[in-house]
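The two complexes that follow have chain A in common; it is paired with chain B in the first and with chain C in the second.
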Partner chain A sequence: MAKIRKIMCCCGSGLGSSLMVQMNIEKALKNLGIEGVEADHTSLSEINVRSADLFVVGKDIAPRIKDYPRVVVLNKIMSMKELTEKLEQAFAIEGDEIHIAR
Partner chain B sequence: MLDFILNILATPAMLVGLLAMVGLILQKKPVEDVIKGTIKTIVGFLVLSAGAGVIQTESLNAFGELFNWTFNMTGTVPNNEAIVAMALTKFGLDTSYIMVIGLILNIVLARFSKMHFIFLTGHHSLYMACMLAVLLGPLGGLSGFTLWLAGGCLLAFISAFSPWFLHSSMEKIVETDELGFGHFGGFGYWVAAQCGKLFKGGKSTEDLDFPQRLTFLRDTTVSIGITMVVFFLVVTAVAVAKGILQQDPGQFSNLAELMGAGDTKTHWAVWAIKRGLNFAGAVYIILSGVRLIVGELVPAFKGIAEKLVPGAVPAIDCPVVFPYAPNAVLIGFLVSFLGGVVGLIVLIMLNNAGLGLALILPGVVPHFFCGASAGVFGNAEGGIKGCVLGSFVHGLIITFLPALCMPVFDALDKGSTFSDADFSWMALLFGNLAKVVKGIPLLCICVVVFVLPMVLSGFKNGQEEK
Partner chain C sequence: MIQDLIKVENCVIVDGVEDWKQAIHLALEPLVKDGCCTDEYEQAVLKMTEDYGPYYVLTDHMALIHASSEAGVSKTQMACTILRNPVRFTEEKDKVLCLVALCAVDHSSHMDGIVAVSSIFGDEEKEQKILGSTSPQEIYDLFIENAEM
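Entry: the complex of A and B
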């Protein structure tokens, strides 16, 4: 599988909390010094496994995309600390399967 | 040239695009991002308008006419996206200005009052701005700059006030005071939290083993599709049983396809399913438009607010609390929906008693998102019992308040209305006020509502020393 070039966040209607997570991801990537990665957000109606290389969602959404190969699950959805740690792990793996939940 | 500029400032889509452009430039984004963001915002507005057309011609007009013929009452489906999209065709410009002024004044309020919250749920800001335009304009006799200022003051007020009165319960849920709850169903969640306080220290919903399969209803296309198909099927079936198909098709302006006028011939059930799903399709379009607009405006707003207000607390959309209590989310939805059904039955009885209230049909979307939040707040204060009582009462609230609000929305289509509790109490309060106090005195009241929290806080937000 390809390098992580695009990260997708997702929530019910794809308007509020997924946009917040997207902004946090952009900030976290900057802090981690990772460049050339795009973040975007969408709704559960539109989410598609081919629409990104990595998906970041809250624990409550996780069961809905459990078959996706590369998923980061957030327990505290707005926690920068948790997000940054998990993104760092994800970028360290960059394999075909990324499942970071705990 | 002046004509050109004035015309941009008077075309809602262009105006919003211009704002996004300014926001992106202020964030010092590269040129390609500025171009991308500006175009996406303008397209978003146009997409939203397209959705408004679909929802009216393909679904709601037919539903209203059919419901009225069948039951001789008004049936209303509360759905923010539907009502706002339709209202924006008339109030687009006023809404845009109110939203901008409201966002700016929200920063002022967060800086100089104890309500130190920056409201980041952009789609709700847009919907609230639209509602205020409708209330203060046609009802309150304000127009142009006075309307925009009055609306902006009220939008800023509710943007900081709603997260503020929810904050003590919010802290219990997320276990930090650095996160606010920004969703204009606030009053309903506050009541749910108070209900929860009756059962202090009860067993939490999260100790239960609750099946999670119902989470598929969070997909709004699916949940709206299911609800609207059921509504259409029930109403159409009763209408058919009452003999609508034998009536003269000429008396119905929106039911030609059902009546088999012209050369179309559609089975009534197929017609009902298709019209129901048309509604879901229209909301899908509208949401795509809103997402394009909000996705560019909110990051700019957040960036500017963070620079100007040290220690401001971001108020985030309702799903932010869902991961903390997934069971309460589902219990809250189910019980709130039950409250909505009970409320509907009561409304029917009141209607039969001659009170002439609109029937508020229980939409899955408000009961899911708002009911779920009410469940989480009820659970945080009072465990399972708090969750159940809180979300039931919430279900009643978002049924009765919208019904009571209908008279202040005379300027709007009756097929849909605003669904969440803060929209309703703001509409009841300021809509009825605007019926009595008009023009400049109304503007003065709005300004006072905005300034008062700052005076009471001594122009300090209490965050400076942190």
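Entry: the complex of A and C
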């Protein structure tokens, strides 16, 4: 599977927490020194498994995309610390499956 | 610009509310009065809460009351209500003291507002500051100060 080039954040409405997480991801990638990765946000009704290489969602949304191959689940949607740690883990995984929830 | 997204008149401090439904109504009231959205938007928030649960409770103390951009929204705008007594949206530990209401006509016009929300509520000290606001002007000023990335 391809390297992570695009990250999609998703929430119920597509304009609240998903946009917030998108901005936090951009900040976290910069802090981690990861370049060439795009982040975007969408709603649950428009989400598509082919639209990104990695999906980042809050735990309320997680059950709805449990079949997706690469998912990071956030317990605290606004925590930069949790997000940064989980992104670092995700980028360290070489395989096709990424499931980081805890 | 953040100045286009929030007004002093849309910042409110109240004692408390009876339940989460009244909290949603109160939070959206300034936006409805201002003509930014209609009652249909409130119904959409209630419907989405039934479908998904209170997805908008983003920290233990803050709820970002919003639905999607389709339902009865004519202008992107935010409002902020501080509660002196907390309201619960779930059985869990949340004790919501701040209701930020948002209606947006698309997926990006409210970007500066989200930057402010993220910066205020991602920082415990700033969160305490907004929760302790004693006037609408103080609430408004915090949004304006924190809209820069």
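Keep this in mind: the second predicted complex is superposed on the first by the 101 of 102 C-alpha atoms of A that agree within 3 Å, B and C clash if a C-alpha of one lies under 4 Å from a C-alpha of the other, contacts with A are read in each partner's own complex, and residues count from 1 in each chain.
In this text, a residue touches a chain if its C-beta (ideal position, glycine included) is under 8 Å from a C-beta of that chain, and two chains touch if they have at least 3 such contacts.
The model shown is predicted, which means the values in this text are computed figures rather than measured ones.
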item: Combined model on chain A: chain C and chain B, fit or clash; value: clash
item: First (chain B), second (chain C), both or neither touched by A:N48; value: neither
item: First, second, both or neither for A:C11, with chain B first and chain C second; value: both
item: Which superposed partner A:M20 touches (first chain B, second chain C, both, neither); value: both
item: Which superposed partner A:M78 touches (first chain B, second chain C, both, neither); value: both
item: Stretch in clash, chain B with chain C, out of 77-85, 239-247 or 437-445; value: 77-85
item: Those residues of chain A which chain B touches in one complex and chain C touches in the other; value: 11-17, 19-20, 23, 41, 43-45, 58, 60-61, 76-78
item: Chain B contact footprint on chain A (complex, rising order); value: 11-17, 19-20, 23, 41-45, 58-61, 63-64, 74-78
item: Chain A - residues contacting chain C, complex; value: 11-17, 19-20, 23-24, 41, 43-45, 58, 60-61, 76-80
item: Chain A-facing residues of chain C, complex; value: 48, 51-53, 55-56, 58-59, 64, 66-69, 102, 104, 107-108, 110-111, 114-115, 117-118, 121-122, 149
item: Residues of chain B that touch chain A when the two form their complex; value: 120-124, 174, 179, 182-183, 212, 215-216, 218-222, 284, 287, 290-291, 294-295, 298-299, 302, 314, 316-320, 322-324, 326, 329, 368-369
